[in-house]
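Next, two complexes with subunit A in common: one pairs it with subunit B, the other with subunit C.
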Partner chain A sequence: MKALKINPLVFIIINVLAPSMYIFIKATYLLPFLMIFSACVLLLMGRFKRLGISAVIYVAMFGVYSLFMKIEALNFWGLFVLILMQSFPCAVLAVLLVSKYSSAELLSALEGLRLPRPLVVAATITLKYVPTFARELKFITESMRLRGIKFSILKPISSFRYFIAPQLFRCSALSEEVTAAGLVKGIDAPIRRTSFFEQKIRFSDVALLAVFLIGTLGGLIWAK
Partner chain B sequence: MGEVVIKADNLSFNYKESKEGIHNNSFEIKRGEVILLTGNSGSGKSTLLKCLNGLIPEIQEGDISGDITINGQEYNKLKMFELNKDIGSVFQNPRSQFFTDESTAELVFPMENYGYSKEEMQARLDKLIRAFSLEKVIGRNIFTLSSGERQKLALATSLTLDQKVLLFDEPSANLDYGNAMKLGLTIRELRDKGLTIIVSDHRFFYLNGIIDKVLFMDSGNLKIYESEEEFKNGDYNTRSFDLFEINTPFKKEKETYETVASMKDVSYKDILKDINIDFNKGETTVIVGSNGAGKTTLAKLLCKTYKPDKGKINEKGLPFFIMQDPDYQLFGTSVHNELTIVKKDEERINKLLEKFGLKEYKHTHPFDLSGGQKQRLQIAMAMLCDKEVIIFDEPTSGLDVTSMQRVSGEICSLSENAAVLVISHDYEFIRNVADRIVYIDEGTVKEDFMLNSETVLRLNSIFTKMEEAACK
Partner chain C sequence: MKKIKIKDIVLTALLTALYLIFYTISGGITFIIGPFGHAISPGICGFLSGAIILFISRKVGKFGQFTVLTAIIMVVFSLMGAGYLPWLITCMTTALIADIIASRSNKTPVIFVALASGIMHVGQAWGTIVPSWFFMESYRETWIKKGQTPESMDAMLKYTQGTMGIISTFIVFALAFVGVWLGYLILRKHFKEGKYKVKENE
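For the complex of A and B:
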């Protein structure tokens, strides 16, 4: 089967809606629905390896959760893991969005929403920041290893300090660089942006979104 | 010469949070000129360049005064997007250069922003691919490109809107000698096509014979040399336009060496093949080779980041590795704390702070230091760590001549107690620090010799070879 190319707009809408649905819909319905939904999306897009890895992570989290809930002293942490589990399917889709689509494609998709230009630019720069940050992280963990600074759970505060402080300092420099890269290429031009990689909304996109909406709406009715 | 393209009149800019800035700069740039903008680190080159491409005052807070015009239009009446239709910018840092992560997306990105139709974009794209021979670059992830390819892509991207003025920010910083010489040729061709080119750089050997005017910055004040000749005859150390002519004394060969690390028949993927090198205490070994020859891979094998597929690496513990970007490597809360992470030895720490002029910054956060101070802190850390192997990756990229000489001295004193391995493209720096040269090409050690008055010609011919390969 040919892997399906899904319009990034579909992902953006789902990512905005899905997490907030936990307020209205019971997790006992919403979580399995989102799990099945995101698994189907991964299958349709031919991301079998990612599906496998995600499944393993989820099962591991479930194991940790069950274990923690059996030991009273760890119940609090068990609930923490549960929250992570609930956001997991959304996180899978979010990762797909930033890894599979280039910032140019995302920008085109956001343009399609006819949002105010400054918002589109800000959103694109933020989305572009994620992969840049991921790349930087590799350098930092590597040089921590070479310096003999270990990231240890036993020393959470000092590990966190070594890890987070450089990140915060880099954030300001990085955001300036990313903004500069966009600005000198006319990202601020008040012209209707065109797209070289233009993706029309296809039947598959509408169908996917419809399944998502019907599923969540169904949950709303069922919850009543 | 043609008409005036850019004109600045008493241009000043003062940063809100520091004393640095530029003061009353006045100059004219004519169509078709090649301008070199140079000066020591912190002299205000980048500030002036940012004023020229509009990033000041767009994203930098501070006070700007004076006039600056392009083709007779005042900058302050132009929006960023209007200005960037005329001016293309090539940054040295890929993070500020590229907005997307794919080469085709990057090339069309400016055109999309300016609302070009798909047909126009395709036509322009085809033209750029032909003009810059981008056939092998197109459709690839930017982070998998070699630095030469990245430079070509950056250049092509900055010309997508058919800009007539090009700004380069330290283009040679990440280029090997061959690719830098090739960039010189490209700049010459672009100038012949009528483009106006402004290059801000510490190194300028690759511009020999093509500079029309030099804008020399000194603490924010501008001095103008009306010709390359005038600049060469001036009192600034021009860091030699003709690299091979420099006259640096060679280091004395030692009688005995103690081998502290070695690579025996090491191979890694298809990058390195059967590498045999011994690293000796008291010796500075410089690894030379084109971008992508496998120099950094070799360093990473020594750091155990990668495991060799074949062969053996003998060493005691991990080496101390000083990367190009110090920001990835500093984790302390203060300069003093940074050194105590390496070793808790108050007496030595105090001595090192004194030696490297960092005593008054003892309680400063490492990230608040200047680039040069960060590098000095790293060298102090290397001295304190007592490791037997110390590796430097391009320590002089982006350094002015004075800083380069200072680092050379520090590396030489570091090598008294350790085997120092330096990866570098900087010929002048290599002549200052090297005891030994190892030339890597096509994944193998092509040459390995002690550098002295007899072997210097071998080093020169390696550089000439790299130039020929790049400019083919």
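For the complex of A and C:
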């Protein structure tokens, strides 16, 4: 079966709506529904490895949660695990959004929400930079190793400085490059931006949104 | 008043990504501390990210810098499925106040930046504290509906209600305030020497 290509706007709409649904719908219904829904999305998009990893993480979290809830002294920590578990289906979709789609596709999708252009550009940059943080940190630790500088618990402020100062100045240098690239592409032009990746809403996107809405509506009826 | 430009927004966006890393780290620390840690988690984040706030103030130094930072955080959290309306309202309001206090130039005295950071992080904490003051029952019910036990909800609300809520607010403010001074200690050398000397923004 051919992997389905879903409009990123669908994920954005679902992720904005889903957390608010917990106010109206019982978690005992909504959480399994969202888990099954996101698993189906991964299946349809042919992301089998990611589906396997997500399933393992979720089962592990469920195990930890069950353990915490059995021991009264650890009940509170169960709250954190529960929050993580409830955010997990949305996080799966968010990771998909960041990893599967390019910056231009994300930008194009976010512009569909009619948010202010600077905010759309900024959110896209932030979303795309977070996953590269580990790589940046690796470069910094490598440079530190070459200079014979080490992180040490005994010197917390110095260690913190070694961690944060290079990151900050790297961001500063990177911002010059990103701005230059953006300006070349007319990011500050006061006209509506068109995109090579501009995707129309297709039948599959509408169907997916409909399943999500019917599912949550079902939860509302069930709650009554 | 200098207008925020696209290069400032790009820099703020990149620094927001770094801020979000600290947000995640502070979430881990909160997990270890327990219920009280949850109430003061924005303070822990403010303490760790004080250098970022100071760096934004020095490198951008224009009105709207903290509002943009907070707006990006809100958009990213909403996209990640973690948006919460009362939190958005308190965060955006205090970010605007922070901008009024410390966004006139990139040479704002550190004490004003620290004050702005304190207020901004108090806004984040109030996302939990304010609903528990005014809408305690519905806030509690919402979380119980989400699957939380009444006992653990009561344990958490103990640190956000009444006097404890005020104490938590002060602790959050103090931590974020001190965080900027820590950032100053770390960055002052970098701002005074070499190619990164702070210049008045054009």
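Please note the rule applied: the second predicted complex is superposed on the first by the 165 of 224 C-alpha atoms of A that agree within 3 Å, B and C clash if a C-alpha of one lies under 4 Å from a C-alpha of the other, contacts with A are read in each partner's own complex, and residues count from 1 in each chain.
The criterion applied here is as follows: contacts are C-beta pairs under 8 Å (C-beta built on N, C-alpha and C of every residue); 3 or more make two chains touch, one makes a residue touch a chain.
No experiment lies behind these values; they were computed from the predicted model shown.
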Return first, second, both or neither, reflecting whether A:Ser103 touches subunit B, subunit C, both chains, or no partner chain. first
Taking the superposition on A as described, I'd like to know which of subunit B and subunit C A:Val178 touches: first, second, both or neither. both
Contact-wise, after the overlay, does A:Arg147 reach subunit B, subunit C, both or neither (first, second, both, neither)? first
Is A:Trp77 in contact with subunit B, with subunit C, with both, or with neither (first, second, both, neither)? second
When the two structures are overlaid on chain A, which partner does A:Ile157 contact: first (subunit B), second (subunit C), both, or neither? second
In the overlaid three-chain picture, which partner chain does A:Ala165 touch, first (subunit B) or second (subunit C), both, or neither? both
Just subunit B (first), just subunit C (second), both, or neither: which does A:Asp188 touch? both
What part of subunit A is shared between its subunit B contacts and its subunit C contacts? 161, 165, 169, 174, 176, 178-179, 182-183, 187-188
Show me the residue ranges of subunit A that touch subunit C in the complex, using the header's touch definition. 12, 15-16, 18-20, 22-23, 26-28, 31, 69, 72, 75-80, 82, 86-87, 89-91, 93-94, 97, 115, 118-119, 121-123, 125-127, 129-130, 133, 157, 160-161, 164-165, 167-169, 171-172, 174-176, 178-179, 182-183, 187-188
Using the touch rule from the top, collect the residues of subunit B that touch subunit A in their complex. 53-55, 58-59, 79-81, 84-85, 89, 91, 93, 95-102, 104-106, 108-118, 121-122, 143, 157, 161, 303, 305, 318-321, 323, 325, 327-331, 333, 341-342, 367
Please give the residue numbers of subunit C that touch subunit A in the complex, ascending. 4, 6-7, 9-18, 20-21, 30-31, 34-35, 38, 51-52, 55, 59, 68, 71-72, 75-76, 78-85, 142-143, 145-149, 151-153, 155-156, 182, 185-187, 190, 196
Subunit A - residues contacting subunit B, complex: 102-105, 107-108, 128, 131-132, 135-136, 139-140, 142-144, 146-149, 161-162, 165-166, 169-170, 173-174, 176-198
